[in-house]
Amino acid sequence: MRSGKPIEVGIIGGTGYTGVELLRLLALHPGVRIRTVTSRTDAGKAVADLYPNLRGHVDAVFTDPEVENLSGCDVVFFATPNGIAMQSAPVLLEKGIVVIDLSADFRLKDADEWAHWYGQAHACPELLSEAVYGLPEVRRDAIRSARLIANPGCYPTAVQLGLLPLLENRLVAADRLIADVKSGVSGAGRKAEVPLLMSETGESFKAYAVAGHRHWPEIVQGLVEMAGEPVGLTFVPHLLPMIRGIHATLYAVPIDEPGDIQRLYEERYRDEPFVDVLPPGSHPDTRNVRGSNRCQIAVFELRGSGQIVVLAVIDNLVKGAAGQAVQNMNLRFGFEETTGLQAIGLYP
Amino acid sequence: MRSGKPIEVGIIGGTGYTGVELLRLLALHPGVRIRTVTSRTDAGKAVADLYPNLRGHVDAVFTDPEVENLSGCDVVFFATPNGIAMQSAPVLLEKGIVVIDLSADFRLKDADEWAHWYGQAHACPELLSEAVYGLPEVRRDAIRSARLIANPGCYPTAVQLGLLPLLENRLVAADRLIADVKSGVSGAGRKAEVPLLMSETGESFKAYAVAGHRHWPEIVQGLVEMAGEPVGLTFVPHLLPMIRGIHATLYAVPIDEPGDIQRLYEERYRDEPFVDVLPPGSHPDTRNVRGSNRCQIAVFELRGSGQIVVLAVIDNLVKGAAGQAVQNMNLRFGFEETTGLQAIGLYP
Amino acid sequence: MRSGKPIEVGIIGGTGYTGVELLRLLALHPGVRIRTVTSRTDAGKAVADLYPNLRGHVDAVFTDPEVENLSGCDVVFFATPNGIAMQSAPVLLEKGIVVIDLSADFRLKDADEWAHWYGQAHACPELLSEAVYGLPEVRRDAIRSARLIANPGCYPTAVQLGLLPLLENRLVAADRLIADVKSGVSGAGRKAEVPLLMSETGESFKAYAVAGHRHWPEIVQGLVEMAGEPVGLTFVPHLLPMIRGIHATLYAVPIDEPGDIQRLYEERYRDEPFVDVLPPGSHPDTRNVRGSNRCQIAVFELRGSGQIVVLAVIDNLVKGAAGQAVQNMNLRFGFEETTGLQAIGLYP
Amino acid sequence: MRSGKPIEVGIIGGTGYTGVELLRLLALHPGVRIRTVTSRTDAGKAVADLYPNLRGHVDAVFTDPEVENLSGCDVVFFATPNGIAMQSAPVLLEKGIVVIDLSADFRLKDADEWAHWYGQAHACPELLSEAVYGLPEVRRDAIRSARLIANPGCYPTAVQLGLLPLLENRLVAADRLIADVKSGVSGAGRKAEVPLLMSETGESFKAYAVAGHRHWPEIVQGLVEMAGEPVGLTFVPHLLPMIRGIHATLYAVPIDEPGDIQRLYEERYRDEPFVDVLPPGSHPDTRNVRGSNRCQIAVFELRGSGQIVVLAVIDNLVKGAAGQAVQNMNLRFGFEETTGLQAIGLYP
């Protein structure tokens, strides 16, 4: 276990929800010092003036996102809109700084597919193969030695953790997967847009992006790797009238008699500190993981049809973003994996 | 079109959410007089004392649900828990009173299946075949002459309207249907139960009854009739952190090239006053039908997979309960079908 | 009572919440035809494409807010940001069109005070004295013959209706009034601003503008007129984590023994169609007036201290904006005052 | 600072919201061992089966609340309805166990007043004078040596902390105080009651208990002690459509020129770890203290009127209940006062 002096941390884009969540987690992490927090729009302001929940915990001042402001960092987190990290990551890597990107810039392996879904050419396609997709439950060892970690998206985290044991063991028809997922509005970020207003999203529910969502290729890429075969996935995201939480309802058709699914999940995740398989018959609530880095999962095999239904919940800002990024940092820098991530879900 | 003196209406169980919603709608209906509103627990109290939104609109006083209090009614609505209507309906029918039951007592045709799902023997199985399942879009003519109308459940209304055009035309694999449905908490009724508290349901989301829900056999019964063949349906209900609204996300696999699905839906529902097929690419919001008797539907055929995804929204208390009951009453008593049901969805 | 052909209505700024609420109300009003709906940003789009709750009820297309588009209107509503109506009202008035302004442009009588609070010179100060402040409970007769009606603000409506009987009768110390008011977020309008996001306003509560709010001079002006003496008012607005509804909690100190306050309120409002004094001991819920044009009021005289506490609730978009505007239109054009405003509060 | 082996903790009534919040906090407190958690209704069940957020953190099983189950405890928390703690506290105290009561049983000094407000005779009036009212900001030293600590109510904590500096310094008219307070629904507890349902409390706002609330005498007792003179307090509680959070809006009239109020507050609370005076002009949000033990305060002196307005927010379950109880335990047992209470408010 690591000891000694704290590592120096930089955060690019500290004014969005994933950025401020990183600050909330890192402020109480015993092994880090927050050295730099950048924000192009709020440079010069104290972080705690914008985010009064951090008063007394974070005394940093937002700076401009210039590279020189990040020298001296051991690790830099990008909590930026897509398309930013790929501009700066190469320079930081050259300086020997570890990069953990919470945006989508390094999640896809195929630069053409990235360009298709994100509407621009990739700035450093040569790094895509090196980048390690930071889902610890799948590639913990690679994360331990990575220079560049692509932190998974929120939906992809919930869907992949929910389907992993089934696909690894080739128990279900990989070409007929359905993910009906629901997210709280904080997943859409801190953007001044009419559709995200309380008056628009409160007391209402809707699907969106049914015809195509950027998380679809990311999920498919991950599932293909788990399954070792092509995957057909129908993915329908929905917007919940609440702030934090993702609930994935996953449908899969067993190939043969699938055996004891409950036990399969329990064994697969037995040693995982942040994946919790609930007792048979449970229905996970998103509230039980609110503010925590945990994924709670329940599995059903329906009588008659045999259809398998998996329910997986996470907090989109924690296990779906900032918490998983800290988990990756812990792995990369030799901290206990759970350091700074012990918070219990805030119920009620 | 009917004219002349108003019909006399009785409501059994006026203190639940469907009962008070009936009162809200009937109070402004030009062709009815609210003669009797019963409530075992609140007999003697003025309706408007319990429900101040009705002050000045409803001057009825709750009475005991004795049959003599209902003599003189032309129609009696049951807005009671399951198992009540089947006790009293035969006597009322004998007196020539039309019965519209908003509970589940007369929805299933098979008395054994009813007993299985509702945990008791049916009190008048001989009426099950006579009862008309009150989904006007499917059996408008039968409703016009029915003595006993079984008003559909909220989930069944949304799911059946969503799948109707596909199944009637045998365009999809009837044995592989999936209904992932989400409901506001008012669907669970006005019951003093911990799981329905604001602190339990607010800011959280979960599935429930995945292993089996009473609306499953009701939906399957309806779908089988539409499809004219056996149906395999996976049905997963969820609880939304909001009050009113149901959103059904429906998944179906086309058998062959299904043709122009959008046009199919538009034509099927062209003359339906309360089913509104949205333009291609739309995503219906539950808020847009809040307080209205409308079902809004959008249809997607996904590129590549060909999977059909249907989105259908209703207000569970209106088109999913009291509004549909009034629609059935209108049909039965010769009113214009839309009388008293013109309210526009309350946005924002 | 008016009959004959419908009046022709124009709405300037139909894309905000008060504009779409006007459309919801006017679409079902039997005496009007919606002739023109303008929107600078959405000109050319069908109203119902932007607001799917209006599909089938409103077939208008947004046009540019040019004066020629408004010729032929009998009445024009301004549902615009402050500072717009005062630019165009003079031209419309010249053409003989009645103007009902839902913004603040004509609410204050003093042009200097208006300039102070709204940060710009008033464009037509000569109209300020002519404009009739459209609170029907105070000046119904003047409204009946007005050319230019200044529709009251949402907070001012609730506070003035709550204090009116006390001040008219000089029962309380006019220099020590306190209004602690709470509003749903729709009161802030449909603006793309971060502080109005669901993630910012959901599950949280705060005061705002404690040092000074634009509704303060409007309320004071009204209270002074009622009291016939100078008024001292402390006004603290708060933002509720919900969409519709205002709750005013009003504190006043009786001068002498105030007599039977409950009866005073009941008598003052006995003939008012939209003010409803609740029975003694009641606590009005904002939900009971949601979607309706009603103000519900309860009055308490506290034991011991004698302090008077008044609770008043309205729907900020109806009695606090669009509903009151329609009420004013009804008065002005000789309709029954309640025409098109009969909707019952949407509970639950 | 204390070190050595953990203290043994018992919790009576672990199934309510304050009980489960105590568990959430104590599970991560490095100096305690949760020895016993009682629940009459859930005895025999694992705590984490009822509260899945605690899985992996709390392995206790609910037991019956028999005294023998509590032997061996160093401290026992009562998280019970009013009227329970006073039955058992004497026996526990005799055994040398420290008692921290989160209910109201020991908050009032006058047994007759207690009986008046709580509707029963007090079971051990002789303990009322000994009990220490556990507001650390007022009587930290007494808490350090107390046997019996009466943990303050949620409203009383917010109101007293908000008014303390003004009253201690006799700057305002003590006979004209107004507290307009708003609480999330979790303050009403985990009780199966219709008025607490999501459908009743969501998207709505109301005052309640205007004629008299049990927290009124508790607050007055505290204010009298601060002011050293009689106090006149008008107290109006309201119910917010959200789960956690209290916002107190406090009105006080200065006697003379009050001086620099902002500085007064900053100095009074400079060394308080859990009271945070915000910069001038701030408006505290309840969200910024959600899940944290902090009280955030802003102070305004209004231009013209001179009226002082104080805004104070807490999380009713933390600083308003379980967090303050842990703070008191820390003081009593020689832990650092902030141990286990470092969590940062959960924004967004």
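As written, the chains take the letters A, B, C and D, and residue 1 is the first residue of each chain.
By our rule, a residue touches a chain if its C-beta (ideal position, glycine included) is under 8 Å from a C-beta of that chain, and two chains touch if they have at least 3 such contacts.
Treat the numbers as computed from the prediction; the structure is a model and nothing was measured.
Counted by residue number, the contact pairs of A-B are over half the same as those of C-D, the matching pair from B-D, A-D or C-D. Note on interfaces B-C and A-C: more C-beta pairs are in contact across B-C.
Averaging Cα coordinates per chain places subunit A and subunit C 45 Å apart.
Centroid to centroid, with C-alpha atoms defining each point, subunit C and subunit D lie 39 Å apart. Centroids of subunit B and subunit C (each the mean of its C-alpha atoms) stand 36 Å apart.
Across the assembly, subunit D contributes residues 17, 186, 190, 199-200, 202-203, 241-244, 284-285, 287, 290, 348 that each touch 2 or more other chains. Contact residues of subunit C toward subunit D in the complex are 178, 180, 182, 199-200, 202-208, 210-212, 232, 234, 236, 238, 240-245, 247, 249, 251, 281, 283-287, 290, 300, 302-303, 305, 307, 309, 311, 313, 348. Across the complex, subunit D meets subunit B through its residues 17, 185-186, 190-194, 196-203, 241-243. On subunit C, the positions that touch subunit B within their shared complex are 17, 20, 24, 27-28, 49, 51-57, 186, 190, 202-203, 243-244, 276, 278-279, 282, 284-285, 287-292, 296, 342-348.
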